[in-house]
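Letters A, B, C, D and E mark the chains as written, and numbering starts fresh at 1 in each.
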């Protein structure tokens, strides 16, 4: 919680009371400068060049190529601003690009742009937790701009690889197909994250069914929070892609719609999986609680058996420990042994009684 | 869980980062090769022949017959691909045919094809669990193609039997009626699976009401998971058949719509039954939890009765075990017997007290 | 559960794998043969005659009369089939008439027929449980056909009585008003059943609040199942009558719509009552669980008081039962009595301590 | 529950099997006869006269005045019937007027009448519970008829007072404004009832947080039932006024719509308040359950501390109460005192151990 | 609760039975008189003047300027009334302005005015709780009127500052942009309040996970109530802004819509955050309850271990405290030491047994 809240706090501090429409970066501080890669490709050729940040915008878009401007790192406001000016992007669009806390959204800016914010999720093996990355995509007439929070791993590298190698349909497609490929990549990553999640859940499930421990409640709680977090990143996508596949915009061709509907189907599948994990956590929680009660029952039975067997015996011993002048049994030569014998019989009797009552 | 997750993992590994639109089989490895059966029938005649896989597509469709191509096993990508090419099926359609993890979906590919993915459920008596089989149906102008995961049992054999025997309306019907018959068969199977489920649930219910055991929680949990699994397979069908019965496509005649509405009604009935089983599981869970508490109460009462009866007696024995010089009672000739008598009276009194308090 | 499941099983066995569209009776075996009553009435006259089954259909419909064919018992397929043929009823309609497990549904067969399946609920005083009866109604241009499962009591006898006596508007009305009267009768019965239910619930409520017993959990569970069952019979009616009152069909006149809306209102009222009973059961469940915990608390307190009072006393007795050579108190002439006195004081002190702690 | 159920039973007995459309009073028996007040007013004058029941209807409506017929007591069927005949009210409307169990509803009878049934709620200070009163309003072209169950308090007296005093807009308004005023009055009463409810809830909340008692569960349960009852009376109003404000009928002028929308807003506010009370009850229930568990914990700790401290001491006393010939300690001159000393040390040690474990 | 209820009571007392449409202030008594500030600005100039209350309205609106009338304090009915008269505001609008208990709402008064009631939330550090302030906005053709409950802090001061400083777009915008800026300010404040809330929640979460205390239940309950309260203030805004962004009114220009959609997005984000906090509270509640059960288990285990170890030992001591004439062991020279030894062995054995059973 602390991590998310700290991020969140920053957002409030930086933004809440500035004039709306003023550009400001909201997110973690990043030491390195923004990297801008311009890829221009058509079916025949594909050029990828790293451009100087501010001049990047002079070069494209051109009619012959599909241009893809990949901006890695959104912390340098001036870069984003200059790109925005060159392409006449709406100030609110740029604001959302700069705000790494922005929740997923889809917005149409007239006929000119389709704008999408998504969350790239990645499982960090070291921290054993899910990390989120802010990704913003702008689809224009024959260009795509992708903004991503600066990170160790470049999330779009598989697309670069495919473009270079001219494998698959991406090279043959137009800007909207590239746009789809980028969305598809982000959504495919959710499967990977969910798989990691399911592994953790399965592990905990086995542990709780076999031998529940008091820390498992906290682990369950953390899994629940993680799932909540994933769901929050995916849920808005359903409506977004629902709108994308129904609405007709000139920016998206009919034969790309069918691909976007495929992404939409994947999102539904992901949400359903999340829902079923949620229900499973609920059920595991039930098992855990029941097992606590069962344990308590078992402790109580142990206590009862010990108490109920030794109390009568101690009482009998107490009887013959009394100092009355006249206790005839005391003077019987075998009184002691008879007493011990009856004690054994009593304890065996009680034992079978509790056996019958299912206590032992 | 493990089984499903393992399948699931495969999906992610094979597919997640390939270029979208590339064909690849996703599912369990199957040692035998795909079997393709071509059935051509009209009201007068019906021919069923097993065709060599790749040449299968040369033969149909023809105008005089309704053609049904039944592909048993989707693990040979080349076979699927050649069929796809011959009939100009959309690449995404083929992708979904090959992906045995694809959730149920309905898709219209223009006027040409209606495509449906369903899950055939079957109860495996040996493993005492529900098995799922991937079934994909393609409805064309006068043909139906059915794809099924390779399995021991051929799920469509009742239809083959009916076609051969010319029983029922199937022979008289067109491709859309055949399509409906196949859907109906799959949906009817859900009734069988639910019946098996209800038997298991009923058994557990009786067991828990009569004599709850600590393993029953786990059994309940597994039933819940199984129901969740069934529901996941059926739920999308509601919307799919809802759309099928409302939309008008040239591929489905008006008099077939009324039959599809019947299937839709069955699906609603199945979902309602699932919902009521779910509520019953919830209630059984309640009974189970209450019974644990009741048991604990009963254990506590046993403990209390034993303790409360023997404590005073032992105390009295302790009194007369003291070594004071002057304890007058000790020297009374019948002191011992009076003491024993009062002990009996006290214990009887306490017994009735606890009887009255409902402890024994 | 067992009863319903057995019925259900039959359905699956008989129907699941026959060709769709083949007529077959699904339900309990009935020894007597179907009774068909034809009533022809208008404002002036009313004739009720029991017709020979297969010839029944020759006689009606006629233009001068409203005809009502009441078929008591749907187990003789041939009778149903011959009626169906005579009136050109759709095969799927007949299938639903024969299937006594069919859930409530409304279907329009073109302009010709409105078809409705309902569940008649009746409270069986002997078995102390709710029984269900399959009722199917067909509304035609100037006729109504009612099909009912064969039963001891003829459910429509009040209507027959009214028609004969020419009381109320039924005689003056057309076929659609008769249709409404039959629906109204079925829905009115739900009130009676719910009233019986509420009596049972109230009884259990009083019992649980005053003196909860461990069997009450099972009783609650059974009430819940019964309510679930009633709800399942009523719920589909809401949509059905909602559609009936909104849609305009030539078969239903405008001034009958307002009466059907009244039935619709009753159904809403019934569903709301069911919902409130459901919530009450939930709350009674809570009371029950709390009372178990309270009882446990009370048992624990008894145990604690007994233990905490006698332990110190027994300990003191133990002290003076030790055999040390030099225990000065033992030799004090009133040591014994002082000890007894201090024991009394200690136990009174502890008693007040626990009184103050609210344990006794 | 009993009270409501008894009323309800009457409904079923009287109505369920009569011909639909027959008029019959459903409700408590009332000894006094119905009182009918006719108020005719316009901006200039206002006349209120108590009319003889059956002739009441001869007098109005007139064009110059807004007429308001207030019928206090709906148990005299003949009065209601004669009014109905005079104004050509629909039989089903009259049936709902007579049925004091009718749930709130809104119905349009063509262009002629808008008919509304509401529940007037009033808090009975003596019984400390909410009472309900059946109120039915009929809006005609220039008249309003209000029917109310006979009661001690005349619920519409504030409106009479306002009309007489010519305060506010009511006198200037038309029939629809009067209609609105009556609705507004009924809805305003819900605020009063909810306020009383909130007082009771608050009282119980404080009590449960400070010192929960086992009867509080029952009190919570009754509050829940009361809230359920209030909600049932208010919930249908939301849809009713939603329809009133959206639909356009000639009977309601545009500038009255805005006032009705205000009533609609109040109803939303009431429903939201009910919802939040519901959630609060849920939470108080949680607090209560937790406090029971906490109490149990505390009892257990007391028991454990007593047992764990005195058991070892009694054991030591037992050791030196043994009769072995050779127990060296017994002969030590200060053995007794050393033993007592070590007992004190042990008990202090255990005390601090339990203090550290948070048991005391 | 008490505070809110007291406010609420006032509302009922003052309003419930007055004639609808009569103006009356509903809220806390305020000693100071209302302050009215008139700001007139366009891109070139900006004048802010405090106007005498009743004459305020003579001055505006003018065509050249955007006029903003900020009314600080709504307790002086005459001021509100005179403003209302001057601008022909609807009486119901004024009523809602005066009622500080009015829940958030949006209303269109023809083409003339858009009226909005919102709740300004602020976190009071001293009381450690959220305070609410009634804010009403009226948007006219080229003016905005803002009404606010009188408070220490002037909530709109950032806007004043921006207007004076001519920073941001506010000066360049029209009345609708000013309207948007005011809404945006109120919504931004919710982020601040939620952040404070999340801090409190996080604190409690850490506390409960690490060391739950019995007061934590009450703290959780209060957080829940606070969240409920915040939610109640925000929830209606979703629909309000949903309508604002979809409907087209002449009062709001197209390029302002996109800004309002931004506010709408923020509201969605806030509601989602609230929902996730709610779920977190639910989960923390679970952790708390489980920890109570775990504690109880641990107490029981302590009790069981003590009892089960000392009972057998005390019993053995009792055996050799019996006074039989013939107990051979008593006369063995080392009998005492052997006995002590076997006691040690027994207690060690039991210790390891409980260790193995996971009790210690």
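One rule holds for everything that comes next: a residue touches a chain if its C-beta (ideal position, glycine included) is under 8 Å from a C-beta of that chain, and two chains touch if they have at least 3 such contacts.
Keep in mind the model is a prediction, meaning the values are calculated, not measured.
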| item | value |
| --- | --- |
| Both-way neighbours, i.e. chains that touch chain E and touch chain D | none |
| Rounded Å distance, chain A centre to chain D centre (Cα mean) | 43 |
| Centre-of-Cα separation between chain E and chain A, whole angstrom | 27 |
| Residues of chain E engaged with two or more neighbouring chains | 293, 296, 300, 303, 307, 311, 314, 318, 321-323, 327 |
| Chain order, ring traversed from chain A with chain B following | A, B, C, D, E |
| Complex interface listing, chain B residues touching chain C | 158, 162, 167-170, 180-181, 184-185, 188-189, 191-192, 195, 198-199, 202, 205, 209, 258-259, 261-262, 265, 268-269, 272, 276, 279-280, 283-284, 286-287, 290-291, 293-294, 296-297, 300-301, 303-304, 307-308, 311-312, 314-315, 318-319, 321-327, 357, 359 |
| Chain D-touching residues of chain E, taken from the complex the two chains share | 1-2, 5, 8-9, 11-12, 15-22, 90, 92, 103, 105, 107, 109, 214, 217-218, 221, 224-225, 228, 232, 285, 288-289, 292-293, 295-296, 299-300, 302-303, 306-307, 310-311, 313-314, 317-318, 320-323, 327, 329-336, 339-340 |
